[in-house]
């Protein structure tokens, strides 16, 4: 069990490294000379070659690429994300003031999405074609068909402006997180609830449900003792994969709700081709994603004892 | 209280789609007696069980009467019915692995019999129950998960759970169909021992007869014959019973003399697999010769290496030691050789256990059937291929089937016959068949058996791996037994 | 805004939502924001007619064409308590001449000597007629405690430390600043009187929709830089009002990239400018939320010359004469080349895109195809080659002087001449203007310049930009200032 | 039903533009006119006919979504089948590549690639294709490997079929149907993702009519002129619905095991 968990952690580390390579390639493939851009920011419009060389050395651009990769990758763990090409400031300090807000937003959205997905998924799986089923289907269609920004604007107009609940200009704390987090969560919740529903329905044919019903178990008991735990692994898997989608949706929601997070900052960086900021955000998302799927896999392992064995023994039958 | 545990009076069940699965069924199970229900697949056995448990799908039309110990179960309301399930009526399912929630321990599975009725299980109920059915070290084993148990043992655990409240009657729906014959018999004995009255459902007449006092024979939703088990076995009155009896006791077929040249040989062949890091021998020093025109059967317990032997023989896998010879030539020469060197393309052809996946679901039958012909280099037009295919199907009695159909529209038995047609169309020297009849009903299985026999009689060498020793013996020239990687 | 209407200290608070983020209080990189939000002051104040009035100075006199006498108001103190006297002023001027690139480039600074307790004599190396405008520019000379700033620089502290230095003299001081906004409080003993607000919040909200909604929800009193479309959305509502200011020098300018082969043809340039319907852009396209540009300067300026006219016939005949023949699809061609121009604009100025799209249909009538090219980094894209006409800034600096902007933008050696305009006549006119102090002569030169750039098709103004804001009910009477100095010590709710 | 919606959406995209005028020509005197007989869906702020813009927008939105879907589906299918059938070193390399790509949050890498290439609809399409194929490749690889172990493939191999032949004749069709189902389901998602990125100013540039930018434009005057979301909104809902239905229909059609 421990060995498997460790191996999984190793795999996660490999994924992070692989992601790091891809992101780094994006960074060095970016057009333009970072040294020149930083000099421009420092007020030197037409730098001469010695000035450029000095900055190149300062940024480590004169090193061979593998060394630069190593520097960059290890820098991530030291909290050194390089210098912004737009402001010349360390990216890490630009992120530090914005990161907490994004973390709050995505964590809140994740909680809302999981809660909503569980509720809708269970209700829909309980009674296929019942009202909850229709609701979650309608919700998923709307969430899929209407871009987040429109839903966000409508929610703001309806809830914050007309009803006076919540705030238009969020302040990046838990107090104002509900509306943006809800908006961000909606699409994921819709998709996840469908996954949970179908996982629950797939179990309908499972022998153990028929057996426990034949022993006198109620539908409620079956749902919470057998069906839900068995439907969890596929559900958790999509949640794990989807958590990064939440982070990806953050820029839009942050823009609509004036949420002071890194997502919005990154979009500004994209339009300015400020690659260190873009890659820093991407790398953060990669790490979050790898970490999240690791957590999910360990969770599934905890839920499902079969996963804990190094080899699933072939069940003894013909 | 009446003296019958279960009484069924002119019961009819119509499914929502209008299909009448049971019509006018009446019989009863006396207290402390065991009654067997037999019938071919689809005759309504499971429907009957579900009706008794009150678990028919919504929208079924049910008429007649079902009483258990004098209680009317057909018209009882939901809450009462739930209380009766497990306490008045016990249930043992078909597949012990399916019956247990894979996420939970075997102990949980057994104790659930109490929990579902909001009861606290007696302290040592689990250990006692398991011990009485001969499970060693029950305390430790019970905390394991189902996949760590063998099927036979798990069936005992299920039996403990089903009879936890000593129900008046226990319903068992094909409780042994997922088990080996030996294991199955043992389980049935234990099952019989643990319950009061038993209703045992199966399609295997012979095995049911060994464990019950009375038999009821079903055919297409009707009772065709009922009576004392022994009497019914010895003098079956209806044709349905007779054919059931026949297919569960297959008659030996004609044998051909073994004097032909060897088609394929194994010479001290061995094979190892890496399991959980360390290498485990699966085949140890196997020697085997199969002659032209000969059918060799291989039986043995699960995991003994039967399928591996077959794969080695047919060149699907490379031995770690020893030689495989086809028509005297080794299949494997240099160490870098990636595929076996067979006498000619398609000289060895397989038949698999699952007929459905052995045909490309997207291809029309003619394409599948004539694929080996094309691969052997035959330049055939579409219409020629169709004709070839139709002619080949004709030979196995499937002449009525249009060769442009896809496998999805055929029955399982028909699929297996098509698979065999594909295997033989290019005149192979060796046919290897892994459990060719395991997923078929008795009738289809008998059909396949005679067809394989006919093939061998035309000169092909045939290797068949099977669990169904009885049937195998009916058409094989020799039956070898494997145990822990050795052929005996 | 009469001081009588101010209930000072009555708990009044103003929350402003703006698009742009203020990073810090550094006078070099972001000091100009302070002028707009009342925590930094200038020596002179820009005004609607281009003639600045004294602000922190009480007087600004020209002694001769290279000498200016500056007198500071009595009792001006920095937030940190130190007085802003002649000595501090001289230090500020000297420091700005060295560090503020706008000032160092334009002011020809020679020396600043203390010649009285509140008086400084400023000498320049060349005639600098626009000194009042230069001193009214938010990017040039901020009233600041140079000593304190140098101390801060020497300490190597982080930017936050600037909050505690009390560097400036405004009625309000910033007490906190982060990515979301700034919080300001009134300054005790402010030199002009008691600031009218108890608290002032500035919030950075990049989405215009959100800014408007925030006013509607009562979270914000004043939303800046609102797109014209907001006016329509707020029609007939009582939770927020759309307000606009007077033409003040902000424009939607159009500049021709002379380096483009197409634009080297004067007929093409002229056709573009004469086919553009300036009236329609202001009145129809921007629905009266922009000023009808008959000239490149605001109508209130003394030297403004109305040059801009729309004349489709003239545009067409000019093109005909130059050999541009109308092709099958209505677009003109010459030597196999299509008359297709690219107009560069940026989403940051959303009405600019609207104007470009309007020009698209207007120019099509004379056979010119317009492609609207949007870029986010407008400044960078302008330096590139992928455009023919670009949205451009005004020929007036913030302080209302034309000299500086024209010498940078239109002179062949101008630092900001991305359009690569090189016209000897224009160069000499601009050079002469820079040396001329006499108002009459200046007016004459400026009129000549206006005629020249119109005739040659170098630059035009598509519409006069008006500052647009959305205010909450309590601020219904807010007067949009000229230029955008949103807050001063008297700013207060009107009801 | 699916066919009907599809025909409507597809027909609108193909034929619609022929029936309507230029969607990008503004007419400022006609700004924000509610739906009437002259403008069935009303006009937007620049006075452009929203029906025309919706129909023309269908071309861009659907066209690029189809392009992305097609590129990702074909790449994913080929890579997956190649890796699943060939095994060995090739499989290892491709699988690692897939793993790494799957280990990256797609939307964000898309953002990063747009950051690299610069905003623009074409770049966005490239970026989405570059990240989107991995999930389909994994599916195709899984199906391929499964199929390689199925009886009919083993039988074909034993009958003498080469690896390439098996891959082409047996495995590719089997993998293709799964990929088609999943890729089709993704069309709606791609449309929305493109719209979202256009909203952020990274995709279609105005005045190009594209549903995402149309909705983004509409939001400023939504309270005043709600009809602006009618056209693109209906288009998006219809597309997503149609994609879902088409995918379900495809699954039914291409799963040949239905008979058992």
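Letters A, B, C and D mark the chains in the order given here, with residues in each chain numbered from 1 onward.
FYI, contacts are C-beta pairs under 8 Å (C-beta built on N, C-alpha and C of every residue); 3 or more make two chains touch, one makes a residue touch a chain.
The chain list, named the UniProt way, goes like this: A, D = ABC transporter permease; B = ABC transporter ATP-binding protein.
Note that the coordinates shown come from a computational prediction; the quantities given were computed from them, not determined experimentally.
Using C-alpha centres only, name the chain that sits farthest from chain B.
Centroid comparison gives C as the farthest chain from chain B.
Any idea which two chains share the most contacting C-beta pairs?
Result: the chain pair A-D has the most contacts.
Measure off the straight-line distance from the CA centroid of chain B to the CA centroid of chain C, and report it in whole Å.
Centre separation, chain B to chain C: 87 Å.
Quick one: report the Å distance separating chain A (ABC transporter permease) from chain C, using the average Cα coordinate of each chain.
Going by mean C-alpha positions, chain A (ABC transporter permease) sits 42 Å from chain C.
Take the average of all CA coordinates in chain A (ABC transporter permease), do the same for chain D (ABC transporter permease), and state the distance between these two points in whole angstrom.
Using C-alpha averages as centres, the distance is 22 Å.
Distance between chain A (ABC transporter permease) and chain B based on Cα centroids, please, to the nearest Å.
Averaging C-alpha atoms per chain gives centres 47 Å apart.
Touching two or more other chains, which residues of chain B qualify?
none
Multi-chain contacts only, two chains or more: what residues does chain D (ABC transporter permease) have there?
119, 201, 219, 222-223
What positions in chain C touch 2 or more of the other chains?
In chain C, 209, 376 touch at least two other chains.
Taking chains as nodes and touches as edges, what kind of graph is this: line, ring, star, complete or other?
other
Could you run through all the chain pairs that touch each other?
Applying the touch rule to all chain pairs gives A-B, A-C, A-D, B-D, C-D.
Tell me, which parts of chain A (ABC transporter permease) touch chain C in their complex?
Counting only chain A (ABC transporter permease), the residues touching chain C are 43, 87, 97-98, 153, 156-157, 160-161, 164, 167-169, 171-172, 255-258, 260, 264-265, 271-273.
What residues of chain C sit close enough to touch chain A (ABC transporter permease) in their complex?
Where chain C meets chain A (ABC transporter permease), its residues are 17, 23, 101, 178-180, 203-207, 209-210, 213-214, 216-220, 239, 376-377.
Provide the residue numbers of chain A (ABC transporter permease) that touch chain B in the complex, in ascending order.
206-208, 210-218, 221, 225-226, 229-230, 303-306, 310-318
Which residues, counting only chain A (ABC transporter permease), touch chain D (ABC transporter permease) once they are in their complex?
Interface residues on the chain A (ABC transporter permease) side: 15-16, 18-19, 21-23, 26, 29-31, 141-142, 144-150, 153-154, 157, 244-245, 247-249, 251-252, 255, 266-267, 269-271, 273-275, 278-279, 281-282, 285-286, 288-290, 293.
State the interface residues of chain B toward chain D (ABC transporter permease) in the complex, per the touch definition above.
Touch list, chain B to chain D (ABC transporter permease): 314-316, 345-346, 348-350, 352, 354, 356-363, 368, 371-372, 375-376, 406-410, 412, 419, 422-423, 426.
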